[in-house]
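Each chain gets a letter, A, B, C and D, in the order it is written, and its residues are counted from 1.
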Amino acid sequence: MTLTAQLPALQVVLPMLTAPLVAFLRLPQLSWLATTVASATAFGIAVLLTQAVLGTGTLDYAMGGWPAPYGIALAIDEFGALLLLIVTGASTIALLAGKASLDQQIESARQPLFYAGWLLALAGLSGIVMTGDAFNIFVFMEISSLAAYMLVAGGPDRRALTAVFKYLIMGTVGATFYLIGIGLVYMMTGTLNLADMEARIAEVADLKPILVAAGFITIGLALKAAVFPLHAWLPNAYTFAPHAVTVFLAACSTKVSLYVLLRFDFFVFQGNLERHDVQFAGFLLPLALLAILVGSLAAVFERNLKRLLAYSSIAQIGYILLGASCVSLLGLTAGIVHMFNHALAKGALFLAVACIGVRLSRLWVDDLAGLARQMPWTLAAFVAGGLSLIGIPGTAGFISKWYLISAALEQGLTGVLTIVVIVVSSLLAVVYIWRIVEVAYFGSRDAQSPPVSEAPLSLLLPTWFIVIANVYFGLVPALPVDLASAAARSLLGHLL
Amino acid sequence: MSLFLDLGSWVLFGIGSLLLFIGALGVLRLPTLFTRMHAASLTESLGTIAVLTGIMLQAGLTLATMKLLAILLFLLLTSPTSSYALANAALLARNRDQTREQADRK
Amino acid sequence: MTGNWQILAAVLLPLLGAIGIAATGTRPNLRETVTLATAGALTLIVWSLLPAVLAGGRPTAELFRPLADLPIAFEVEPLGMLFAALASLLWIVNSVYSIGYMRGNQEKHQTRFYVCFAIALSAAMGIAFAGNLLTLFLFYEVLTLSTYPLVAHKGDAATVRQARVYIGILLATSIGLLLPAILWIYNATGTLQFTSGGILAGHIDGPALGLLLFLCVFGVGKAAVMPVHRWLPAAMVAPTPVSALLHAVAVVKAGVFTITKLIIYVFGIDYLFAEPSAGWLIYAAAFTVLAASIVALRQTNLKRLLAYSTIGQLSYVVLAAAILKPLAEVGAAVHIVAHAFGKITLFFAAGAIYTACKKTEIDQLRGIGRRMPWTMAAFTIGALSMVGVPPTAGFVSKWFILAGAFQSDNFVAIFTIILSTALNAAYFLPIVFRAWFREENVAPPSNHGEAPWPAVLALTITAFLTLAFFVGNQPVLDLELQLVRPQP
Amino acid sequence: MTILLAVFLLTMLVITAVAIVRTRDLFAAVMLLGIFSLLMAANFFVLDAADVALTEAAVGAGISTVLFLGALALTAARERESGDSRWLPLVVVVIMAATVVYATFDKPALGDPNAPVHQHVAPWYLSETPRLIDIPNVVTAVLGSYRGYDTLGEVFVVFTAGIAVLFLLGSGRPGELFSRPPDELSTGGLKHHLIPRVVGKLLIPFIILFGLYVQFHGEYGPGGGFQAGAIIAAGVILYALLEGETRALAALPESALKVMVIGGALLYTLVGVVCMLMGGNFLDYSVLSTNSVAGQQLGIILIEAGVGLAVTGVLLSIFHAFAARATA
């Protein structure tokens, strides 16, 4: 077997293998280095895999060499490749940028364990994305969740523990729901392999256990993905986590859950549950719209910088779901592209927050008064990220808005309502981003507060790298759009 | 022969069940912790012995009997010990409470 | 990045200039040299495109291709050529004036000012040369964002509040109305390419067309058609060179330019003319013209008066475009130029007065003509141009608009133009009268003369241009008549 | 008879669950949780899932109880009255229960040989395992080889939990897992009580021996690394309770625990990597030996050893982290 053929396995095994080695290192600096190298290598593997997927289509890998329904199969299609890029990319950038910030927030003695947790989260998330097996998803979901709880709990504020407790309870309930659903499906089909499940479910479609399973799986994953109104755990978890962790998790963790949700609801259940698209439009569309409005409104009235961005994330998750609930090629493309673009925009914003966090201990909007003069590059990056979030043309955010509105236009009259909501929430985004920009640029700094210098270069460079990526993918979005439309096509395979 | 064994085993079952029932009744009806423990620990040992011996009679001289014998040995060792530990803990806790009360009164 | 190098240079050069300005921020003289050199070079490049366009050529260029069939691409056509030529020319004059004004008033953050100015010019070039709606929208937003720091320049609480109104209205209308309109058009026609004769024919008709026109007209907030005009008076908190930029060089011009371009190249004049549901536009424009003039009558602050005058004058352009007759479209284009010359002169004069003696109210201007004769002479010329008196630029454009209105017997338009001319005279002439023929009622803080020489030089040039355009408007007409002449 | 037993056990389960929710005494809740696990294990046994029953008994009733008690030593023993209404959770739980009951309406009967689970993958496992792997306990074949990747994931779930606990409760010094208890305090526990010490010392060797039996007997009967790890860890914890932390750490020192945790996790992963290096897929044990069946068996033994090591190490580390915190 060539190395290329082994890449799918290596993607997960590499961070997994590094984690125990990193965990008990005596040198914190070395543990960071090892983690970063592993993460960067994982990103490299993800790039190679994406190339392979774009070249030859879905990659399959039989774990243990056992054929599909009997063993566990990895299956990476365009959707998975896109998510892998997001996960590994976010991890690498957050590690590169987060060094200075993490050194401040995590005691050096606890760092090796922290980085081991980071690698486990990375392995867990990539594992979920790659696998083609329902139970395997659960196992890796557990790894990533446990690791994520730990990373969030690393925050210096004691309230991080309360936040994590809520996150843990909600996450466990979500995972249990998912497991119940899987159990029911297994009872009716006798298989755990997603592709096999999809084929065998046809015989038992619309029986009660399958219906209930679909409900449990959807709700469980929606909980993990913080879909409104199951989002209560998210704001505080993002707020009190160490800044670098927020960058990492905000960019990818909820998206991975949404990815599983879409794979189940479209790939496994779509063709078999009667009038499935109508259910989507009936249940998820209103939720998505509400998420967008409520999240944006909460962000407008929030005074804590990180929580503000967290509420904005809830709204953005709504966008992704909105795209999916159009149940059309364009809509799914929009939702999936937005996964990528939102990761870019939120990544840039939270990185800028990390830059500020290195210099300021309190992160309320008022604390930023006049900061733009002292940290011009950081605030400029924040503005750029904000523009992308708003969806100004020339940034990545615009591309997803464009596809979303196009998808809504296809829907006729209900689409008009959708467009109104998108437009209103974009305007709310203008309001909440602009409030910060205004304070930072035109507020005056408290005379007593000590002078603040620009963030270290090690943080600024990755931040600006992502900012430039925002612009680049706003102008040349071929890669995410191609992947997303291919992914949408395969998800909708049954209906096309 | 087997009839006698059967009969014997059922008698043992009856005795064991009765002892366990009395023990349970004691746990429910007796007034304090120590008296309740007294009821439970005493009857439990004998009751278990009776029931397990009954099962052994049913099984005859097989591997199962050997396993049951091991279980019986295990139970005979652990159940009094755990009773002891429990009583000890209760004693310590009561002492602690009393010292606390005395401290409160002062 | 392919195509005509001049177009790409025109868009990218100001950006390079902005970097240069930022890099030389600590040395003001060098910084100003960079600004002027960039402005000069830009003007040369833009004007070098003119012969080709006059000869009927349509140079094109492409920058990126973000969406499969929607490139960020440029195509120079007469209307955009005119706008770009105008904006680049006025940038030089405005820069000269800015140097005088900013130094004269010892403004802070001058580097930021010049950087944003340069970015705004880049955006203006992008708007002017945009080959499709997406490109236009992109640069339209860049223009909004880059002018925000200029408007909020002073940075105190009141200024920031007004700047919030500015950016709020402009972003809200563009994202809320224009973007859905663009998507609608794209969804219906499958293209966003600007095409002679429009692209909508056969795709959208009836009330939907009226609705789309509504989205477009009010989505282009920069055109300040009432009721989305509020940002323009709010932006008066900005330094005067910025007001000049907003009112004459780029921003509002970009607005009316966009509407005119949409009407000609997306809706199509003939298609829209035949569609009764689009008829409301002329009323909206007429209402704005008259209402703005009436509001202007009641202003006591000179710059606010000028702002409301601009709102009225902008709607002339919209009105002209909405007449939907060839001559009126030419009039719309010419009025963009004419109003630019006149209004920049007026603002330069207002800024010069502020720099010299910190006067902002109309009532304080009595007798000021004797202290600042050059400035007030230029102001007078600008005011006459606004009213439309020969021999000023304003007369030329009004002539064409009226001719267009008669072409279609559009009595609403004719009536509006006549009445508003009277109103314009009613609010401008008293100022001129007071400045020249009344005694000073308040003693100035110092015995001042004219403003710093760069400012006076700049306003003299623009006043001269206002006069010169009356006789030398032939090139502009040649250019713009291509709009209505069938393509070879 | 089986049905009767199942109904009885399930009824007890519900009663215990309700009691756990209702009690405010957290010690009582912990004890009830132990009972709950034991009932659960019995239930699994009734359903013929002996492996699961063993794990549930060892982990749920054994280790978890100790860890809960360790946690209680760090916090209060009584639940604080919370102002939140309990109605919403109750409603949610009732709806969920009703939904699950609703879902069972169309389900195949318990033990129905025509149920999909008995028709698709399972028969293949039963018929092919003798040929491919040749061990009597098919469950071990499934867990160790067919779905070995899942098992690897589960080991890492345990590992992650251990890392998380050490991160939160650990010593905070580089290279040290948990703070050491001061020596004078280590005289606590039951060290001066003759009866438990004698009985404990008598039992501990047998517990460990049983653990090893479960570890290596996994190919033939119920058992395997998870259960064995939990049982051995329970034995060591018992020793720690009787003799004090310090003696337990002397018997199985921190460095040994570290080796077990890292070594266990790495052993499993590296077996997979070696398979890759030898030309197979990840965790494809067939290539480990010239004979693919022998390779499979070797692989399973190795990874089970990894599981056992890692689970023992992690559980003990977690226990020590809690205990050290409680005494310190």
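Methods note: a residue touches a chain if its C-beta (ideal position, glycine included) is under 8 Å from a C-beta of that chain, and two chains touch if they have at least 3 such contacts.
Owing to the predicted nature of the structure, the values given are computational and were not obtained by experimental measurement.
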Far-end chain from subunit A, centres as C-alpha averages: B
Best-connected chain pair, where connection means C-beta pairs in contact: A-D
Distance between the centres, which are taken as Cα means, of subunit C and subunit B, whole angstrom: 97
Between subunit A and subunit C, centroid-to-centroid distance (C-alpha), Å: 44
Whole-Å separation of chain centres (CA-atom averages), subunit B against subunit D: 28
Interchain centroid distance [CA atoms averaged], subunit A/subunit B, Å: 56
Shared-contact residues (touching 2 or more other chains) in subunit A: none
Per-residue overlap in subunit C, given as positions that touch at least 2 other chains: none
Residue numbers of subunit B (touch at least two other chains): none
Arrangement of touching chains [line / ring / star / complete / other]: line
Pairs of chains in contact (touch as defined earlier), listed by label: A-C, A-D, B-D
Touch list for subunit D against partner subunit B, complex: 190, 193, 195-196, 199-200, 202-203
Contact set on subunit D toward subunit A in their complex: 99-100, 102-108, 115-122, 124-125, 128, 145-150, 152-154, 156-157, 159-161, 163-164, 166-168, 170-175, 177, 258, 261-262, 265-266, 269-270, 272-273, 276, 279-286
Subunit A residues touching subunit C - in the complex, by the definition given at the top: 387, 390-394, 399, 401-402, 405-406, 409-410, 419, 423-424, 426-427, 430-431, 434, 438, 441-442, 474-478, 481
Subunit B residues touching subunit D - in the complex, by the definition given at the top: 74, 77-78, 80-81, 84-85, 88
Subunit A partner contacts - residues on subunit C that touch it in the complex: 63-68, 72, 134, 137-138, 141-142, 145, 149, 152, 155, 159-160, 163-164, 167-168, 171-172, 175-176, 179-180, 183-184, 186-187
